[in-house]
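Before we start, here is the structure in question, set down as structure tokens.
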Amino acid sequence: MIKVGIVGGTGYTGVELLRLLAAHPDVELGVITSRKEEGMPVANMFPSLRGHVSLAFTAPENARLDQCDVVFFATPHGVAMAQAPALLAAGVKVIDLAADFRIKDTATFEKWYGMAHSAVGLLEEAVYGLPEVNREAIRTARLIGLPGCYPTSMQLGFAPLLAQSGPIVVESALIADCKSGVSGAGRKVEVGSLMAEAADNFKAYGVKGHRHLPETVQGLQAIAGRPIGLTFVPHLVPMIRGIHSTLYAPILPEARETDFQALYTRYYDGEPFVDVMPAGSHPETRSVRGSNTLRIAVHRPGGGDLLVVLVVEDNLVKGAAGQGVQCMNLMFGLAEDAGLRQVPLLP
Amino acid sequence: MIKVGIVGGTGYTGVELLRLLAAHPDVELGVITSRKEEGMPVANMFPSLRGHVSLAFTAPENARLDQCDVVFFATPHGVAMAQAPALLAAGVKVIDLAADFRIKDTATFEKWYGMAHSAVGLLEEAVYGLPEVNREAIRTARLIGLPGCYPTSMQLGFAPLLAQSGPIVVESALIADCKSGVSGAGRKVEVGSLMAEAADNFKAYGVKGHRHLPETVQGLQAIAGRPIGLTFVPHLVPMIRGIHSTLYAPILPEARETDFQALYTRYYDGEPFVDVMPAGSHPETRSVRGSNTLRIAVHRPGGGDLLVVLVVEDNLVKGAAGQGVQCMNLMFGLAEDAGLRQVPLLP
Amino acid sequence: MIKVGIVGGTGYTGVELLRLLAAHPDVELGVITSRKEEGMPVANMFPSLRGHVSLAFTAPENARLDQCDVVFFATPHGVAMAQAPALLAAGVKVIDLAADFRIKDTATFEKWYGMAHSAVGLLEEAVYGLPEVNREAIRTARLIGLPGCYPTSMQLGFAPLLAQSGPIVVESALIADCKSGVSGAGRKVEVGSLMAEAADNFKAYGVKGHRHLPETVQGLQAIAGRPIGLTFVPHLVPMIRGIHSTLYAPILPEARETDFQALYTRYYDGEPFVDVMPAGSHPETRSVRGSNTLRIAVHRPGGGDLLVVLVVEDNLVKGAAGQGVQCMNLMFGLAEDAGLRQVPLLP
Amino acid sequence: MIKVGIVGGTGYTGVELLRLLAAHPDVELGVITSRKEEGMPVANMFPSLRGHVSLAFTAPENARLDQCDVVFFATPHGVAMAQAPALLAAGVKVIDLAADFRIKDTATFEKWYGMAHSAVGLLEEAVYGLPEVNREAIRTARLIGLPGCYPTSMQLGFAPLLAQSGPIVVESALIADCKSGVSGAGRKVEVGSLMAEAADNFKAYGVKGHRHLPETVQGLQAIAGRPIGLTFVPHLVPMIRGIHSTLYAPILPEARETDFQALYTRYYDGEPFVDVMPAGSHPETRSVRGSNTLRIAVHRPGGGDLLVVLVVEDNLVKGAAGQGVQCMNLMFGLAEDAGLRQVPLLP
């Protein structure tokens, strides 16, 4: 059994980690920390866990995280980079659900996250936890920076196009029109997240600029091996879970004969968590609700020269906690889908 | 492995059965029937099942249901009573999710369901599939009539009060003010079930009379061994899954010293799927979303003489498919919670 | 033109007052205060008001409220009682949407609201702003304490039964099972009001005791002229606006021949904002969305001895701002429905 | 008073017309037809109209539509073209909310709507009812083909860019990523419109091709006087009302110094129903709920060369019934905003 610690279990990615790990056959939940909620049984805060999780929150100073095999950070940005060095030194693997280890360029990180990076020495070692792209590196990693929810959908949606030896789309003119459910904003109390504000409503936000843009550009350029240009427009959907990314890529004249459906199917052949749907499909976010699966459909409206790729994922699973468990499985030599075989909840 | 057949898998209780049975360790899905969708892979209709269920719908006349160990009917009322006799004769157990075998009195059945009963001879043998009340009978049953979704919540909510040797509440004056999500109406196309009609709205319905009233009265009287009187007012909630029943029972003068919290806790001690919450709790429907658990809280507002019992369940799981699987587990000597250990999905 | 001031316009009752008053033919919006938002145009906070309201928030100390004809308080409890005395002395009428002037008994007020009452001398003069019960007193009032949202629906639902010369129902055993949309909690940021918490969910709350209970009991006793007993159980509905109250009253043996439909119709004959629906109706909250109308339906399930009354209102209109405008119309001799003729928004 | 007839008042655009016309100061509702609902008071079907509309449905053969001043068709495609010729001959003006008179090219109409056009002779005369583009023609029109809901938002969003003397954006590479609430699908009963299917979910649809594409291309080319190329991807949002269109237009190198905010502000200067919001705004659909206003915000993410235009409207008002009333006002010389001054309903 792998002994797991969780730092910061009071947000949505925290409770989602607990949901997945409580049912994971190879995991023992060792400790979960929260200074504010010290002593409170986790299941008091999240009654859905009654009968499944008996742990109570431990104050950080009393949590023997160094006795775990792996520690997940489901914390605000900045916490993992403060604690990771000591844990790694103690032989504990670290998986960060926040942004501390996503971005390789510290100037970019500091600009978008408004804080200095305190563990620059670890950035080179840190592996970006997107298994479909980085599987082998993840297997041997000690430190994982998990992708953001939007970046996961954008990178897996564009990857088959960019991973070619030469460009087949106008790589400087990519567009991602993305839509997320409200759990993406976390459990923080903000007026805009109130149900009376967000329900029966739709809006864009962060059009001027969003933290997930530099992360995604970095990832897409790593996949392509070439510079790319991306416009990213996020929107808020009145639903709880789910991301739907509608991706646009102008097809290059020399690539107009490409069979894109075949290209995507081939690229993701054998992947346990990526489902390339039949031509003509319109994936729905609910078709992945509660599961680690990401579904993709490829369209060419009117047979024209603009490729439209539709991608859905559960932002709390494949976009966060589930991807973390997938990485953990790889790091510990387990079946990649251990504890991740949930059938999506529909309706 | 138990070989399972499903008749009528195109509604919400059908897809929920598939979600549960596909992940059940002791079950092999043998056949699923639909005349209208013959030949279509089930996962084409419900993309959430892609990768989990590979069956296609079979026309009823080609479905070798008699080679199954057990057949579930997730059909409109009237179908199971037509087919059950032949299946039972072939040695196949039958679990009906519709109303055909719920009501012992055929006149009552015919009045509320508007059809003659064609298998009256089986009514005496049929066991009402509420394990917390009928566990031993279910173990040896060949034919199960599963309770309705509302009746499950009402009966398990009132049972501890009525199962006493003598009355402790005014048993002629029980009230059940119940609220259900829209999946309770099934996947039938009706104007009132459109999202533009049902969302951002709340209403009562069927106040004059509802089919679940006679079923519940029959069940409560069986528990009490005495006549009872119940007023049942159902309401429609703009959510997908979940039932919340608010139950009212006037406490008899001689029972005013009763510790009702203790009474409920004791009554459900050891039950795998009934959670009596701590005093003062307000159970939420989402705390059981996707799971077979039913949660109960007991209140006595202002310390007065009216007992208020709050009950939540997922209408598609404990109120339908999950309860069916629980019965199947009992009938085949499996662990009662086999295939039913899902952690609720929250948020 | 009546010159109107608003204290505290940043919550939902405040923006609703602005929506109604901006379109009121006899009203001039004079001033709206907020210390925190001083100088910000109201329409920047609520873009729905762009083109309709050009006012900016004024700091309280600069707001010449004494030059208004009437001032509405859409503030937290406690603000109106601090400012009302000076305004009244300056000849300004006051309408409080909070609880400061609802409850006549200061001990009761102080117990439930956790603060001392600082304007006890005004309590006798203050008129409870429920026009269907107190119309004549409202016409000549200087100071109005507007009813809470739940109390409006409960009082208007029970009133026809209690306003009889002698009891016709068991007045000690009334039950109100009430359901409210999330805007009832206001625009405060609290975890339970987040969309990811409240959507696709249903729960009761405050079963132990709720502030609206003593207010409602006081009002019902005033209507009946006799003591009454009420159990009140509020619930939270995943919708934005609307209250649905399901009221239960046991019919006394001697009143069993009463035609309750006729009794209600007669009682509310001529009322501009109370709609007694035809027998057998199930009023929906959306049928009053955005309007000052309250709809009632009367049922007697199974022809039995328990009367069930269904009441719907828009909690922000008839339950708050609209009722305030209705009172203002009466106080200034305008048509009672001036500015309140909006057709409900459906779907 | 203008005497108005409505053909087909049982759908959402019908009830919305009734909401607006019932409160219109210059309108008398003369007749509303429905064969199926003959004799039923309209307010029985839509209780929101109780107290506002006393009309009952009339069978078409008994409806003296020829005695009206204007007749609205809120019917399925094909009805208006059958009845318009006789009405026009009788001197009655006609406003069609369906597609019969939107598309000038009959081959295109017949391809997308699957029916022959039976009133080809009227197509030249019919005016496309988009006042911001065709105001003068509408004033003198006898026959109006009202734009679709999506096309209204796309055309008003792109118009300022295309109405220039020469191109300033790549007019062959326009993209419209549009999102609509469920009322856009009408009141037809279809599985995909059930609340249990559409709530807590997000998906694209019709990516292969949608009827609103040729209509929009025709309109945009009329505005530009040049050919344009558009990719249109519609999505379904789990909300009742509202359309949000996110429009993308690559800026031509020679236009990079353009002040697009100023260009939009100038273009819509004086328009009563188009609100160009301040730079940096993110319009929300709820900010126009129930009103005829359309709001626009213009962005240039990262200061780059892709213009992003955000447009919101209420699909049932500016996207249908409200736009019809706006046209009627123009046709009869009324104030353009008569009966259309509703403040949006927020929250």
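So that you can tell them apart, the chains are marked A, B, C and D in the order they are listed, and the count of residues begins at 1 in each.
Simple rule for what comes next: a contact is a pair of C-beta atoms (placed from the backbone, for glycine too) under 8 Å apart; a residue touches a chain by one contact, two chains touch by 3 or more.
Worth saying up front: this structure is predicted, and the values here are computed from it rather than measured.
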Graph separation of subunit A and subunit D (steps between touching chains): 1
Comparison of B-C and C-D (more C-beta pairs in contact): B-C
Relative orientation of copies subunit A and subunit B, as a Cα rotation angle in degrees, nearest 5: 180
Distance between chain centroids, defined by C-alpha means - subunit C, subunit D (Å): 37
Mean-CA-position distance for subunit D and subunit B (Å): 46
Mean-CA-position distance for subunit C and subunit B (Å): 39
Multi-chain contact residues (two or more partners), subunit B: 12, 181, 183, 196-197, 199-200, 238-241, 283-284, 286, 289, 347
Interface residues, subunit A side, partner subunit D - complex: 173, 175, 177, 179, 181, 196-197, 199-205, 207-209, 229, 231-233, 235, 237-242, 244, 246, 248, 250, 280, 282-286, 289, 299, 301-302, 304, 306, 308, 310, 312, 347
Interface residues, subunit C side, partner subunit A - complex: 12, 181-183, 185, 187, 189-191, 193-200, 238-240
Residues of subunit B touching subunit A in the complex: 12, 15, 19, 22-23, 46-52, 183, 199-200, 240-241, 275, 277, 281, 283-284, 286-291, 293, 295, 316, 341-347
